[in-house]
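Two complexes come next, and they have one chain in common, chain A, joined by chain B in the first and chain C in the second.
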Partner chain A sequence: MRHFLRRLIILLLTLWTTVTINFLIPRLMPGNPAEAMLAKFHGKGPMSPQALHSIEVMLGISSEGLLKQYSQYWVNVFHFNFGVSYTYFPYSVRHMIAQTLPWTLVLVGVTTVISFVVGTLLGILSAWRQGKIFSDMAITSLFTFTSSFPYFWFALLCAFFLSYVLNWFPLSGGNAGNMTPSLNFNFLASAAYHSILPALTILVSSIGGWQLGMRNNMLTALSEDYVTLAKARGLSEMRIALTYAARNAILPNMTGFAMSLGFIVGGSVLTELVFGYPGMGNLLYVAVQNEDFPLMQGIFLIIVICVVVANLAADIVNVFIDPRVRRAGE
Partner chain B sequence: MTLLQVEQLTVAYGSAGKGVKAVRGVSFQLEPGEFLGIVGESGSGKSTLGYAVSNLLRPPGQVVGGRVLFDGKDLLNLPKRALKQLRWAELSIVMQSGMNALNPVLTIKRHFEDTILSHATMPSRDIEARIRELLGMVEIDPAFMHRFPHELSGGMKQRVSIALALALGPKLIIFDEPTTALDVVVQRSIVQNLKALQRQHGFAALFISHDLGTVLEIANRVAVMYAGEFVEVQDAKKLLQQPMHPYTQALLKCFPDPQTERLEITGIPGTPPDLKSPSPGCPFEPRCTQSMPNCRTVKPTFVDLGGTGVACHVAVIGAAGGTAHE
Partner chain C sequence: MKQWKRTLCLVPAACGMVLVGYPNGNLSANQSANVPSAVNSATTASANTVMTLGIDNGSPDFTENFNPFSPNLRSGTYFIYETLYAINAQNGTQTPWLASSFKWNGTKQLTFTIRKGIKWNDGKTFSSSDVAFTFNLLKKYPALDTSSVWSVLSSVAAPNATTVVFKFKTAAIPIFTYICNTPIVPEHIWKNVSNPVTYTNTNPVGTGAFKLSSYTNTQYVLTKNTGYWKASKVVATQLIFPVLTGNDTSDLNLASGKYTWANLFVPNIEKTYVDRDKADNHYWFAPGGPSNLVMNLTKAPFNNAVFRQAMEYAINKQEVSAKGEYGYQPPANATGLMLPGQQSWLNPSLKNAYAYNPKKAAQLLASIGYKKNSKGQLVNKSGKPVAFTITVPGDYTDWIQSCKVIAQNLAQLGITLNLQTPSDTGWYNQLQTGDYDMSLTYGVNYNNPWFYYDSVLSSANTAPIGKAASSNFERWKNLATDKLLTEFEQTTSPTVQHKVINQLQETMIKQVPLIPLFYNANWNEYSTADFVGWPDASNPYATPDFLFNDNELIMTHLKLAH
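Up next, the complex of A and B:
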């Protein structure tokens, strides 16, 4: 119990720090969104200081002291109120995120879980059958290859050949243009169809990491005395491979998996850009391009919270699967 | 009937032919209930021998010559299924430092259950009773069966490993440096415990260690290993009193005899030979204080003198002289 309490305190401290940094960074950056907005109108003649001021008021840019802004910021954080998006004015940041998040959660979430499960299973297989032509040599070489080529290049190739040249998949978007998101079959089918290619590219580029990592851990575990002894004890191959080797080999990977679950909400910027997918990665990219501070802060904050919570989850999971951690914490 | 017969066993690390030979043509026999100690320094091939005998060598290690007959069965060529059935039920192992020999994520109880259930079906109540009995044999409180390995001390883990080895009542137990990682007091009590258990259960044992003192205390017969070969096999008492091989004699000088006033300890100068390029003569020749001219050129063969034996030109001449004299 003390273990969890300590973890919880660390979690709260981390959250406090990140929220503060999140608050400070945009305010320390040079430039001002109102000026950026004005710059867009630059060619259309001079703008008066009053115009600048009215834009600032419209966007809610405060000229109050930093401390006052900071306390106000905390109040807003607790209300999930991140203000109005400069880019998507008059929509609020909360509205934009609520609209975008499901797309990313489904696409990146599902692919992350599949990638981890499949990669880990293949890693176990390749290590257990180390040196075998198909189950180790072929699989491991293939994944070393797929995990080493640049993601954007692979995604562009897929988009070009499979969508543009062959016309098998839609080139961009999350669903057919004329639809509004709802839980009917037509919409879901269209969304699934649009997500095949982005999902495929994410899977191909990320499975390799899990497979290689698990294979390495598993090989280390296989050389442990307790595995040799399990064999000497005449246990079944399945039991040795899973309960003795894989069970120990997966421990370090669980942390990595929990971390990547936390990063799901951040979306996959490259994927979403290449395929024009309406997810968080795309939203973040737009926010950065337009110096949309409220939107950026809202997205960052959600990412940070998810990562920190995922870390805590990883700790808790570790306590359950590794008895050594359980005792050390007491 | 001989329980274990090892004939000209040769083990190499690396590809056959080119690899380093860690065990070179070792032969010996073990009768049921016999306790054979194998002594040698690091790199002498004693642990490799233990793994080879139990058919547990992992690549790049492989048996390149010889046979191992266990109860008349060719252990190295046994079909997978038969080998799996034989493992632990008839031949079990205690490894160096029980710390890594137990799976860190399983309780002690699960280790016993895994072992027993992979060879027989038994109701869980009987299994628990059996675990209590086994832990009692090695002087461990049965309540510890619900603990994880990391919650036990090194000595306790080693005791658990011994209890585990006894679980199915094997005919032979191979001990690979079972007391090496423990302090002397714990070592002593474990060795005492082992001796009593062996008397009680009558299993044969192959006790591999670098500690000649411990081996002499526990074994009936001792084999001294050097550079992958047996250089002397002797009755334990006789080895202590009349060591034949100069290497054995030097080893005995490496630990103090508390019976005498003189506590002079000498080491053996030099290092073991490089097994990659064996010399044509006796491998111990460069470090030997009694070497003769032909020691450098002619490799001494292991001369069997009826259960005992030695591989040394000097000792064979001495033994022949001694016999003639008698």
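Up next, the complex of A and C:
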């Protein structure tokens, strides 16, 4: 119990720090958000000097004291109210995140889980059958290759050959042009069809990491005395591999998985850019590109909360699958 | 207009690889997210009257916003609302639109006669009270007044159904352009809008040739307004706006003929677009205001006019245009006038001033005491080598290339030019506060040269170093110039106006407050397969910049090809 309590306090401290930093950074930057917006509009082409004034009026920049802004900021955080996005004016940050989050949760969420499950299972297999031509040598070499080439290059190649040359998949977007997101079959089918290629590229590039990590951990575990003992006792191969070796070997991978679950909400910037996918990665890129501080703050806060919570979840899961952690806390 | 600059640096490989590397690539109709499936179903047997426009960028999807005063409006809005007059930004030609005529009474009263028989697309009658309401709305909500017309207006009223009277606090004749560029909104709808600044106007009611028929975040469709007052001149029946998610995919769609009309930056356009269908694929990058090389006039050596003249001679604008700007943006005249559209304003004695001449530049520098030292560096009187920094945003790849050409030009004279590439905001902040040596800026240009000269030369648009200047970043402060600009503002006489612009051109040539480098291009590609009569260099009746007026001008000019 003390273990959880300590974890919870650390979690709250982390949250407080990040919210405060999130609040301070844009305000410590040289220039103000209005200037960033002005630069953005200036960059779009000639505009009359008079137009600048109207943008300042439109944004309504706060000139209150820092302390008052800070307390107001906390109130806003609890209401998840980050104000108006400069890029998507007059839409609010909350509106934009609500619109893009489902896309990312589905695409990156599903691929992360598949990638972890498949990668880890293949890692167990490769380690258990160490040295076998297909189940170890071929798989491990292939994944060493796929996890080492640059994602950006691979995604562009896929888009070029599979979409442009062969016409198998759409070039970009999350769904066909004339559809409104809803839960009907046509839309879901279109969204699924559009997500195949991005999902494929994420899977190919990420699965290798899990497989290689799991294989290495598993090999270490297999050389332990308790595995030898289990073999001597005549336990079934499957039981030794899964409940003895894999259960111990999976702990580092589990932590990594929890972390990546937290990062799902941040989206996959490169994937979403290459395929014009309407998710959080693209939103974050647009926010950074336009120095849209309210939008950045909203996205960062969500990422931080999810990562911290995912870490806590990983701790809890570790407690259940690893008794040593439980005892260390007592 | 410049959106491609950012995208270019984002996916340099994408454009290059995909477009150059694969000449025979083809897209099937059902294959791309950006291409509507509705195209065929709506066509008639004889002629295709549906247009697909590659002009509206999503980021990556659209946000629904048809508020004509919003900075983030959907481009389709420009086909829904109309203005009092259509002014051709190329040459200033005025075409009566919602108003049939106008008249100045002195310099402080402007009266428009409003056309009769025009209806809003919801069937209600349009009248002068809508015009008066629109301008008074801008007064009430300054955030909507992007041209600051209320800085000079004192009242706008509609004494009867066909007359609108604008009264001015101070004489400001050029404001006519801003008044004419203001979209007119219906009083019966907008009077009930609680906050017009954040209003997204999802059911737009306008007087224009088209109305919104469907919207999703990835595509929207406008259909012809059958009750339009010029309906017989409009041949297009449907406009489809698919979302543009990135230059690479949009360029592929353009290359495979998916867009009737587009405003995309395309590398090597002859090969990637025109060659695909030489008969029907065309482009006309209409010139806009010039991009300028600005020098910080508060610093030495830029405070010396002879030094600035030497810079004007030293820079090879032709080379800057060809190497830095892909040859798409032609070299600008040293007077800053937008040619050929503003030919009639050009002072004939100055039209050929400052042809590239490095020898002349060296002579001018020698005449004010600059010498070359043994290392080949140019040194000033006290023997210090001349070196300064040029500051441009890090993601404007074409400007950076242009700066490299300029650096080579100046190196010939022994001047060291260092390149600094901060973020957009950093660059703009440096320009505003005067914390730079040299930089590039955009020039404003509407229908006559006053707008350009006022923005870059008026002391009202500058500020002391450290304070934010709005557009006169080089900090040119000159009483004679200010007087000329004011004189232009206060006269309706073309003779006086031409005299003033002649003198301002002389200032540009003799004093070189800034160096116009090249004309910004309006990206514009179009297909003549279904529609003909597009504006081009031989008939520049409108600027294809996809803004108010120009769209309506073009839509009422187009004819069916078959």
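Criterion: the second predicted complex is superposed on the first by the 311 of 330 C-alpha atoms of A that agree within 3 Å, B and C clash if a C-alpha of one lies under 4 Å from a C-alpha of the other, contacts with A are read in each partner's own complex, and residues count from 1 in each chain.
Assume a contact is a pair of C-beta atoms (placed from the backbone, for glycine too) under 8 Å apart; a residue touches a chain by one contact, two chains touch by 3 or more.
These numbers were taken from a predicted model, which means no experiment stands behind them.
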- Message: Going by the contact rule set out at the top, does A:Leu273 touch chain B (first), chain C (second), both, or neither?
- Response: second
- Message: Is A:Ala313 touching anything from chain B or chain C once the two structures are fitted on A? First, second, both or neither.
- Response: neither
- Query: Which holds for A:Asn248: it touches chain B only (first), chain C only (second), both, or neither?
  - Reply: first
- In the superposed arrangement, does A:Thr228 touch chain B (first), chain C (second), both or neither? first
- So, does A:Ser236 touch the first partner chain B, the second partner chain C, both, or neither? first
- Message: In the overlaid three-chain picture, which partner chain does A:Met137 touch, first (chain B) or second (chain C), both, or neither?
- Response: neither
- Message: Tell me which partner touches more residues of chain A in the superposed arrangement, chain B or chain C.
- Response: C
- Task: May I ask you to decide whether A:Leu15 touches chain B, chain C, both, or neither, giving the answer as first, second, both or neither?
- Result: neither
- Item | Contact footprint of chain A on chain C as seen in their complex | 1-3, 5-6, 10-11, 13-14, 17-18, 22, 25-28, 31-38, 59-61, 63, 65, 67, 70-72, 142-148, 151, 178, 197-200, 214, 216-219, 242-243, 245-246, 249, 252-253, 288-289, 393, 396, 423-429, 432, 442-445, 451, 455, 461, 470-471, 520
- Message: Quick check: in the complex, which residue numbers of chain B touch chain A?
- Response: 54, 56, 58, 84-89, 92-93, 95-97, 100-106, 114-115, 118-119, 148, 150-151, 164
- Query: In their shared complex, at which residues does chain A touch chain B?
  - Reply: 223-226, 228-236, 239, 243-244, 247-248, 321-324, 327
- Note on the structure: So, in the complex, the side of chain A touching chain C is made of residues 30-31, 35-36, 38-55, 57-58, 84, 87-91, 96, 99, 152-153, 156, 160, 163-165, 167, 170-181, 194, 272-274, 276-278, 282, 286, 289, 291
